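Read through the structure below, which is laid out as structure tokens, and then see the notes.
When the chains are written out, they are named A, B, C and D in that same order, and each has its own residue count from 1.
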Amino acid sequence: MIRVAILGATGYAGAELVRILSSHPEAELSYLASHSYAGKRFSDIYPGMKGVCDAELMEDDISKASEAADVVFLSLPAGLASSMVSEDLLSKCVVIDLGADFRLHSQAVYEKWYRTEHHSPSLLAEAVYGLPELHRSEIVGRRLIANPGCYTTCSILTLHPLLKAGLVEKDGIIIDAKSGTSGAGRGEKLSSLFCEVDESIKPYGVATHRHTPEIEQELSLSAGNGIVVQFTPHLVPMNRGILSVCYARLKDGVGDDDVAEAYAIYSGEPFIRLIDGLPETRFVKGTNMVDISWRIDRRTGNIIAMGAIDNLVKGAAGQAVQNMNIALGLDESTGLAKGAGCPF
Amino acid sequence: MIRVAILGATGYAGAELVRILSSHPEAELSYLASHSYAGKRFSDIYPGMKGVCDAELMEDDISKASEAADVVFLSLPAGLASSMVSEDLLSKCVVIDLGADFRLHSQAVYEKWYRTEHHSPSLLAEAVYGLPELHRSEIVGRRLIANPGCYTTCSILTLHPLLKAGLVEKDGIIIDAKSGTSGAGRGEKLSSLFCEVDESIKPYGVATHRHTPEIEQELSLSAGNGIVVQFTPHLVPMNRGILSVCYARLKDGVGDDDVAEAYAIYSGEPFIRLIDGLPETRFVKGTNMVDISWRIDRRTGNIIAMGAIDNLVKGAAGQAVQNMNIALGLDESTGLAKGAGCPF
Amino acid sequence: MIRVAILGATGYAGAELVRILSSHPEAELSYLASHSYAGKRFSDIYPGMKGVCDAELMEDDISKASEAADVVFLSLPAGLASSMVSEDLLSKCVVIDLGADFRLHSQAVYEKWYRTEHHSPSLLAEAVYGLPELHRSEIVGRRLIANPGCYTTCSILTLHPLLKAGLVEKDGIIIDAKSGTSGAGRGEKLSSLFCEVDESIKPYGVATHRHTPEIEQELSLSAGNGIVVQFTPHLVPMNRGILSVCYARLKDGVGDDDVAEAYAIYSGEPFIRLIDGLPETRFVKGTNMVDISWRIDRRTGNIIAMGAIDNLVKGAAGQAVQNMNIALGLDESTGLAKGAGCPF
Amino acid sequence: MIRVAILGATGYAGAELVRILSSHPEAELSYLASHSYAGKRFSDIYPGMKGVCDAELMEDDISKASEAADVVFLSLPAGLASSMVSEDLLSKCVVIDLGADFRLHSQAVYEKWYRTEHHSPSLLAEAVYGLPELHRSEIVGRRLIANPGCYTTCSILTLHPLLKAGLVEKDGIIIDAKSGTSGAGRGEKLSSLFCEVDESIKPYGVATHRHTPEIEQELSLSAGNGIVVQFTPHLVPMNRGILSVCYARLKDGVGDDDVAEAYAIYSGEPFIRLIDGLPETRFVKGTNMVDISWRIDRRTGNIIAMGAIDNLVKGAAGQAVQNMNIALGLDESTGLAKGAGCPF
């Protein structure tokens, strides 16, 4: 059994990790930590897990975590992970960071968008961007895995084949994304209150959202050079789910078959479904799946590529487990759900 | 008092008309009709209106309606209105059609997008497109008013100043719009069930939605010539509200002040608020307001213009009453709410 | 015009007061105060009111409020109002307290249930319990009005006729009530987060909720002597609305006609609808109405009496305005909505 | 592997069966039928199951089902199952009926409450009421299992220990229950539309709901003789979940310890959690768990016992699988979730 630790176990992503790992056949939770709730049992904070995970919550002590576990998941506020991880630590355990600290290859880009200092820039080169569908072979055996963001996972996977195959113009890409409210976290903020979210939709972080450089970094790799995107997130009155609707101009002469062929690179992927219909977030809820489809509009010359994920699963905890499975040589799908109940 | 008739009074838009007109100080409901519920009282179908509107529902008989009323509102399925309205009818009453039959100036465009025959093409020239902020003077004294669609009202008003002032490129405009579920109507469809809508977001009608030509017709007028837009609607798990997020490329040299100046054409508008923050549909819920703001992204060269309305008010019944007020020479704001309660 | 002040204007009940009073034809808002947001404009906090109420928010200073206004509404945390109100103050203005400090006639009962000292017990005798349907004549001309709680308004009005007419046993009454989340207020509490409320229902305050003694006080008056009730509130994933489902044992020989006759005492009430169907909170949303119906179950010998209100209107701000109207001799319905739009 | 058939596989309960059984390690779906969608693939109707269950849907032919499967689950409208099941059929397969046809031991009671003829009364004696916590030993090896209703499962399990131990008065029991909207099924009914359910709560079937006799039958067994209950269901704007709040009068002298001891009969139950806090439906969502707690109110002499389940799992499909597991001698918990993610 793989011994697993989670720091930040009582945030929404951390708790989802607990849920998934509790029924993972090859992992055992050996160290759960929560700064806010140290001393309580996990099921005191998440009563839905009573009888399934009643472990006592420890302090967010990465040293103890690394002693107790083979794999340490970090689900912490921005900036904390980079101050905790060190070469020494990585010699003791595999670290999978659900935060943003190791996602961007460029320290400068990180510090510009996150407006904070990076505490361990020397480790950036060691980290792999843990999006298995793009970097699977690099994840195998890796010690430091930067788990991608939720919006970014969905947006990158939706657009990647088009850029990889060179079917669309590199400029003018627009990503209009929508997220359930769990993406805002468990903080006690006015803007997250039921009565402030219910029965409304709003954009936020227009032209400034921090997932932008992450999307651009990866899509630039897909395209071969610099991609700049317009990224707009929205808050939707629902618990879970991300929908990315991406607009790009098809190059002249590109046909339906070319597009289908480009997306066929996903044909062996265990967690990507190319669907005929249009994606709905409910159809991936609770699963690690990505549903993707596209439409070509000959009137406008655009392709509209659309993807849906569950932000807490493929957008966070599920993908982190997928990364663990790959890094440690397990079957990639172990412990991860593929079928969504409906309604849920 | 203006005597008012409503055909299709028990659909969501029709019922909202009843609600608004019931407290309109210069109108009285003289004929309410519903094909499905003729013979019942309005408050049997909408118990929230018991004691406020207990009128018996008639058959959808436009002849009787025109005898009973000075203004006849039509809230009917596509194709019905164009078979009911005639020159003779218009000599007896003002007709305000909440449907699509008289919105498009071109019969060919109508028949292509709606896949149905237009039954009174000769009247198209008599109809005015009832978007007061663009066509106020043409509405005054008019006999046949085509009340705009919900998505279209929101999208056109959001983009109009930019095109009118020539600040953005005419090609490549993208409108990513989101709507509450009342926009799907009161029909007993599987896709409108609570358990099929709740906790999910989905796009629909991608590249094919019928509001597209209506948006293009009006924005082409704003711009001086042919505008083609990419329009994508979404269904959001909430009752009411439309949010249009519009993307356009700013022309070289256009600055913030130019944009502010362009939107200043709305400065005297009773139902448009230019806001500093980003629009949220809850802040216009139950009102006839349009909240509009924009952001310029120098990284991408785009302007993101955003607007929010209540689809049943400014997107349907409220705007219809606004049109009635203008057509008949009343104060334009009569009977229309401007302040939104929150939470609602 | 009546000059009106509101202390606690940015809580949900306070903001609803602003919304209602903004369109009240005989009132003008002369002093709006908010401890948390003093110095900002009301519409900075509630952007849905931009252009309707842009007044600057003052400190919660009751002395200044009493100078600026004829009527002062207090929407404050428990215990604050009783420390602010004095005989001197009441000589300058009418005070309508939306909190609990003056609702209970007994200081001892107040201090037991609220676990706090009462700061002005001598004023308890001056206060009237502002439930117009039960105490209308006492409200006229009164200086200190204790506006009832939300659950209590709904529960008392639903049960009052049965106890007044002596149709049910006095013991064994059970009130199972359900509320929308705005009843929990605007505080930044974990339990009020969207993701903690959405897609769930829960009871709370079982056997201990503070609205219990208020219900018992009033129903004891209805019945002629001591009524003890079992009151259970629940939190429902919706913004607004309260539903009270009340169970009582019918006395032997009581028939349907007796019950109908008992409820007929409400026949002239402007804000009570006796309905044939079962109440749904959506049918009173945004209005000051109470929808009431009942069913007799001969199998069990019980009567089930059910009532619905909007907790922020008839359960708070609307009733407060109704009280103001009565106290000052205006038409009782002035400025209060009766017809509910649907869906809303 | 156990071969399993489902008739009515595209209703919400049927589809949940598909979801659960798809990952059941000892079952394989061998025959899926749907009257409405025969000829389509299951994942055409439930796209969230694409890749997990793409089986073609057959006609609701019980004869073919019995040939293809060892266990046949029926999830059909009332009255259909009793016309399909026969001695001959039961000699070929185990039948687990999720409908009501075999739940009530008395044909007369069935026909009175369901207002329809029972087509196979001779089989009533062969059927076991499939509530494992009460009838586990009778389920083992059984051929015909009547899977309990959703409200009934929750209400019976919540009250059973109190009646079994004789701690409460037998008369005057009140059950106020609340359900998510999936309980209303997938039918295209006006009352199930999003815009008719969202942002509202309502009671329905007051004094007449068909789950009443089922609750009374089982609680009468618990108590030793005739129990009559007042049962009131409500519709809540959420997808899943049932909460039963039950009121009973404690007998004189009954103390907290007596109650705790009574509920201790559940101590070995794999799917019942006795909790200190109050139940919330979100904490059992997606699981087969029942969360139960109670409060004694010395003021009123009542005990308030509260239980929560997921109506589609423990209230339908999960319990059906639990019954299959027991009937066939598998570990009772096989394939059934115990830990609830949150938010979900």
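Things worth noting here:
Going forward, a residue touches a chain if its C-beta (ideal position, glycine included) is under 8 Å from a C-beta of that chain, and two chains touch if they have at least 3 such contacts.
Given the structure is predicted, the values throughout are model-derived calculations rather than measurements.
Two copies of one sequence, chain A and chain B, touch each other mainly through matching residues, since over half of the numbers at the interface are common to both.
Ranked by separation of Cα centres from chain B, the top chain is D. Interface comparison, A-C against A-D: more C-beta pairs in contact at A-D.
Work out the mean CA point of chain A and of chain D, and you get 37 Å between them. If you average the Cα atoms of chain A and of chain B, the two centres end up 39 Å apart. If you average the Cα atoms of chain A and of chain C, the two centres end up 46 Å apart. The multi-chain contact residues of chain D, meaning those touching 2 or more other chains, are 12, 181-182, 195-196, 198-199, 237-240, 280, 282-283, 285, 342-344.
Residues 12, 15-16, 19, 22-23, 46-53, 181-182, 198-199, 239-240, 273, 275, 277, 280, 282-287, 291, 312, 337-344 of chain C are the ones that touch chain B when the two sit in their complex. Interface of chain A with chain B (complex): residues 172, 174, 176, 178, 180, 195-196, 198-204, 206-207, 228-230, 232, 234, 236-241, 243, 245, 247, 249, 278-283, 285, 295-297, 299-300, 302, 304, 306, 342-344. On the chain C side of its complex with chain A, the touching residues are 12, 181-182, 186, 188-190, 192-199, 237-239.
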